[in-house]
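What follows is a pair of complexes built around subunit A, which joins subunit B in one and subunit C in the other.
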Partner chain A sequence: MRQLLHNPAGRAVLSLVLVVAVGVCFNADGTFFRWDTHRDMLRLVSVYGILAAAMTIVVVAGGIDLSVGSLLGLSAVCFSLFSIQWGWGALPSVCATMCIGAVCGSISGGAIGRFKVQPFIATLAMMVFARGLAKYISSGQKISTAVIGADGAYVYIPVPGIFDVIGMRVWDDNIAVVTLLMIVALLAAWVFLSQTVPGRELYAIGGNDEAARFSGVSIPVNTVLAYALSGLFCAAAGIAQAAQELQGDPEAGATYELSAIAMVVIGGTSLRGGTGGIHLTILGILIIGYLEKILSINAVGEDTRLMLTGIIIIAAVLFQKKGA
Partner chain B sequence: MPGICFREITKRFVGTVALDAVSLTIDEGECHALMGENGAGKSTLGKILAGIISPDGGTLAVGGKSTAFRSARDARVSGIGMVHQELALCPDMSIAENLLLGHTPRRCGIFVDRGAMHADARSLLRAIAPELDVRRTMRSLSIAQRQLVQIASAIGTGAKVLVFDEPTSSLAETESNRLFGIIADLRSRGVTIIYVSHRMPEVFDLADRISVLRDGRYIGTLTRREATHGALVRMMIGRSLDPAARMPRSHHVGLPLLEVRGLASPGSFGTLSLNVRAGEIVGLAGLVGAGRSEMAKAIFGLDPRCTGSVAIEGKEISRLSVRERMKAGLAYLPEDRQIEGLAPVLSCRHNFSLTIPEKIRRLLFLERARETALMNTFFRKTEIKAPFPDTPASNLSGGNQQKIVLAKWLARDARVYILDEPTRGIDIGAKSSIHGIIREMAADGAAILLISSELPELLCLADRIAVMRNGQLAGEVEGNFATQEALLRMMSGL
Partner chain C sequence: MTMRIVSILLYVLVFSAPSFPQTPAFTIGMSQCNLGEPWRVQMNADIKKAAAEHPELRVTFKDAQNDNLRQSAHIDEFIRSGVNLIIVSPKEAAPLTKPISDAYKKGIPVIVLDRRILGNDYTCFIGADNKKIGRAAGRWIAKLLGGKGKIVELKGLMTSTPGQDRHFGFREGIKGSGCEVIFEADMKWLEPNARKEMESALSRFSQIDLVYAHNDPGAHGAFLAAKAAGRDGKMKFIGIDALPQEGRMYVKQGILAASFEYPTGGREAVETALQILRGKKVAREITLPSRVFTKDSIDKGGELLP
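Coming up: the complex of A and B.
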């Protein structure tokens, strides 16, 4: 038991077990034991989970990315624009959207790594800018399949196939495609952070940037890489969001950055950088996901739900700190 | 009359015992020096008295009363103050604000009474440093001036005991002399002084009695009359330093590997030229602030403002990045392992392999087996005692941490090593094993530039010793002919 409490993963697992135990107690007449409850929970956290994977990459390097929610909105708008209004194919739409995300991330990364702007400030600026850009591109309107025709009346154009693919469930309806997307994103982020040399160097920058620099690690290059990857993941989340909503909403993703940060820190990754990783973020995602789901199946109102979530976030983080 | 009485004080840090049942009595009104090598525990003892750290065992009595300070504030209330090496208090606040922090004069209960604050601050400073303007920020002061403000602050709050922790380590000669004058004055006013230092001359000048600690244990106390240089050295290092212990230099010295021509950086060092040949250890001596580390960093490519040329094996590298210089065969072990050498939260393994990405990668991916093999080889070579390579480096003792920094550079198989204070703050065992490794590196044909503030270390390792003073090369002596006195004269320019 002591051993279990001694590392952040052990503490996060324990938090998760506690949350699930609450679900077992308050199972809403057995609702909690049905697979579709878990399937829906996973679908609901999927977009947040992809953002949390992005956030983990920059937090490990001692940074923070406040622009993830706005970049999600921008990507959702761009993706809808390309595939619905401009009629591009699935592949070019996805690639172009991912490129836009990565470029936005690189700009934040360049400001931080090359020009030494604090991550909080640089990504705050990107957060505001990207939101503005999303509104500019969409003229403030949701980009949907309803377009104004030549005679001024709405014409409904067919939903592109890629939207249907991402929005559906597979394996006898047992898992949503967006959940699979989240799993791929988490897996990719895990491989990057723990199995590659650049990932290792991000930990070193987060752990002690001066020592990293003195060891020949390039701080600008790695920082740009981290934020570019974060932007890339945000674009994937934006595509998933657009496909689920069948439209590109320029307001999509507002305050999502806060949920992503909460998932990362509840898992036990320190905002100071250098420690933690995707395995902890996965636990953080599940803790928040189950918490929300348990409260909603027990018909707890949104007001109470938000207050309880706030309390539980601070409790979980205090628990993480206590063992450290 | 016993002023302060330490009884069986023990303090453990992760992996090391900093103090091992130390008992020591300090009389009221005396100036008592605490001596010992780096890591002997002398600063720890001072900090325990000042309430900054609390002991794990033992008792502390002040004025015959047993006390247990839980904070620096507690100690201060009991009349004990501490002057830290380089502490700047709140650097962006003014001297007056810092001096009166916690008891700022108020107007109407909440507003700061600036006039009264400045007047109070000036009266506190009057005895110590009347020339300082109390409105200046701490950041704008020199280290010596910051110390004066700390002294004024402690005396102003009625301190009867003052702990000085290596106060002269960053001071120039004149500033030190002024500090000694102030200390003598304080003593004549009945203030008990505890003076932590490892510098003999100033201890002989100031102290009534001298206590020596070694590896966390109390060794003994001598009065000034009894103390001799030789006796103190024996107590501090546990044996007498034998000049004949210098290693015979039988290895072959080859062609120049590191050639520095006309290197200069505005504000830190002048135009320098230096050669280090294969198999040669060149020592670089100098006082703090002489520009040695600055030059080392410039050679390694960490100073964008520097001009001049640096060549490794005849290949010009002064336009290259750090990583490219490393590829050309250069390695730099930095001065401060906590800030520049290690990432303490990362594992030992991770810290070690940071310098060798190209050796442990296949395409983009890490090859853990290869990394483990390399790590085992170099940890064995440097005799690192890490219980588990995946624990954070901060769990290791200072000596083992330093060996990890050394191991990560050894793993690069560089041609030229710049070692900046490679044995600072580590125990004697680790020190001698690092010395052995340095000799081996030279015997294998590497060129080594060794920066050290410990003259005996330079004398026993270096083939040649270059001396820097105020950013310039002040001279060079053959290792065989160098003496501490001659080097000290060149370092200080007397």
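Coming up: the complex of A and C.
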């Protein structure tokens, strides 16, 4: 037990077990014991989970990315625009959207790495800008399959195939495609952070950027890379969001950055940088996901829900700190 | 160099200003509380469209981005810039009563749209009645289900007046019938949340006859959840708002059994403004009629609610 509490992963596992135990107690007439409840929870957290993977990369490097929610919204709008309204194929739409995400991310990264703007400020600016751009592109309306026809009235056009592919479930209906996307994103982020040289260098920068610089690590290059990857992941999350909603909502992803940060921190990755990793974020994703699902199946009112979520976040983080 | 660019810009600005086409006879200031909601985007679009039919009108739009103080500043700006009339859809009553009252006392006619202010310092109030719409939806649903059935209610936000009115009105409407609400949750007007709550309802209850959502995106989110569970054919979905590109489209596609219109009043506001500006007397309160759109009635422009 002591051993378990000694590392952040052990503490996060214990928090997760406690949350699941709450679900077992308040199981809403047995709903909690059904597989589809868990499957739906995994679908629900997928978009957040992809953002949390993005967040982990920049947090490890001692930064933070407040723009993930807005970039998700921007990507959802762009993807819907390309594939629904402009009729582009699946591949060009996905690639173009991912490019936009990566470019936005590298702009933040450039401001931080090259011009020494604080990550909080640089990504705050990107958060506001990207939301504005999403609204500008979409004229503030959701980009859906209802388009204005030749006579000025709205007509309905069929949903592009790529939406159905991402929105469906596979393996005998047992897992959502978006959940698989999240797993791929988490895996990619894990490989990058723990198995590649630039990934290891991000830990060095997050731990002590002066020391990293003296040992020959290029801070501007690595910072741009970290935020570009974050933007790329946000674009993937935006595509997943649009495919599930069957539309691109310029308001999509508002406040999602807060959930992503909560997932990273509850897992045990410190916002100071240099420590932690994807394995912890996965636990954080599951903790928040189960918490949301348990509150939802029990139809807990919004007021109580907010208070409980706040209490549980602070309790989980304190628990992480106490052990450290 | 910078100075030179700035001076060129200034020059262009100063000398391009008088080249506007002839000044319209009336300027209207439109203060919108939040353009983050599609329904309010539609309200502005309706105003723009109605005003475009009258070349003598010029409308200046300001978006307060859900901020009382910013909206109050916008109204002061309208007063100072000397607009002929103000249309305002206030965020909240108490903080906006004073600036609106200031404008009114300075002799600028004010049309208050959708949400009320305190007191009587305005020219005309235009709005629809959420409680009435909720009640009508309740009665219509009770009839549709033949007097009994299991209902999921996806509420907008119970801390907002429209959410409360659409909830309590609905409960009045189904009262006395055998219809029973088995699951209710706040979805904060957002589609992804509605989908999440509906998934929970679906895994908890094996029989659901109808979903009543406080807005159309909510009903659509519930439909997507039911479709993913393969149960969309076993239940009906009802929404509110009936925006042309949203609720009405869903009804046309057969996703929603009905959508109840919550009119924006944009067109009525412009028409009332014209009458005021031309010196005619207008009613102090205009309650907008609401329509219900079903698959049968949608092509005929919906059916007026009693």
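Operating definition for what follows: the second predicted complex is superposed on the first by the 324 of 324 C-alpha atoms of A that agree within 3 Å, B and C clash if a C-alpha of one lies under 4 Å from a C-alpha of the other, contacts with A are read in each partner's own complex, and residues count from 1 in each chain.
Assume a residue touches a chain if its C-beta (ideal position, glycine included) is under 8 Å from a C-beta of that chain, and two chains touch if they have at least 3 such contacts.
Bear in mind that the values here come from a model prediction, so they are computed numbers and not experimental data.
Model built by superposing both complexes on subunit A: subunit B and subunit C fit together without a clash. When the two complexes are overlaid on their common chain A, residue A:150 makes contact with neither subunit B nor subunit C. Shared-chain residue A:246: touches subunit C; no touch with subunit B. By the touch criterion defined above, A:218 reaches subunit B but does not reach subunit C.
With both structures placed on the common chain, the touch criterion links A:25 to neither subunit B nor subunit C.
Of the two partner chains placed by superposition, A:318 touches none, neither subunit B nor subunit C. By the touch criterion defined above, A:274 reaches subunit B but does not reach subunit C. For subunit A, the partner with contacts to more residues, out of subunit B and subunit C, is C.
If you stand at the C-alpha centre of subunit A, subunit B and subunit C are 130 degrees apart, rounded to the nearest 10.
In the superposition on chain A, contact is made by A:210 with subunit B only, not with subunit C. Of all Cα pairs linking subunit B with subunit C in the superposition, the shortest spans 28 Å. Residues common to the contacts of subunit A with subunit B and with subunit C across the two structures: none.
On the side of subunit B, the complex with subunit A involves touching residues 300, 302, 321-323, 326, 332, 334, 339-346, 350-351, 353-355, 357, 360-361, 364-366, 408.
Residues of subunit C touching subunit A in their complex: 35-36, 38, 41, 157-159, 183-186, 188, 191-192, 195-197, 199-200, 202-204, 221, 224, 228-229, 244-246, 248-249, 252-253.
By the touch criterion given at the top, residues 28-29, 31, 34, 36-37, 40, 43-44, 135, 139-142, 144, 146, 153-154, 156, 167, 169, 241, 244-246, 249, 251-252, 292-293, 296-297, 299, 301-303 of subunit A touch subunit C in their complex. Those residues of subunit A that touch subunit B in the shared complex are 195-198, 200-201, 203-204, 207-208, 210-218, 272, 274-275.
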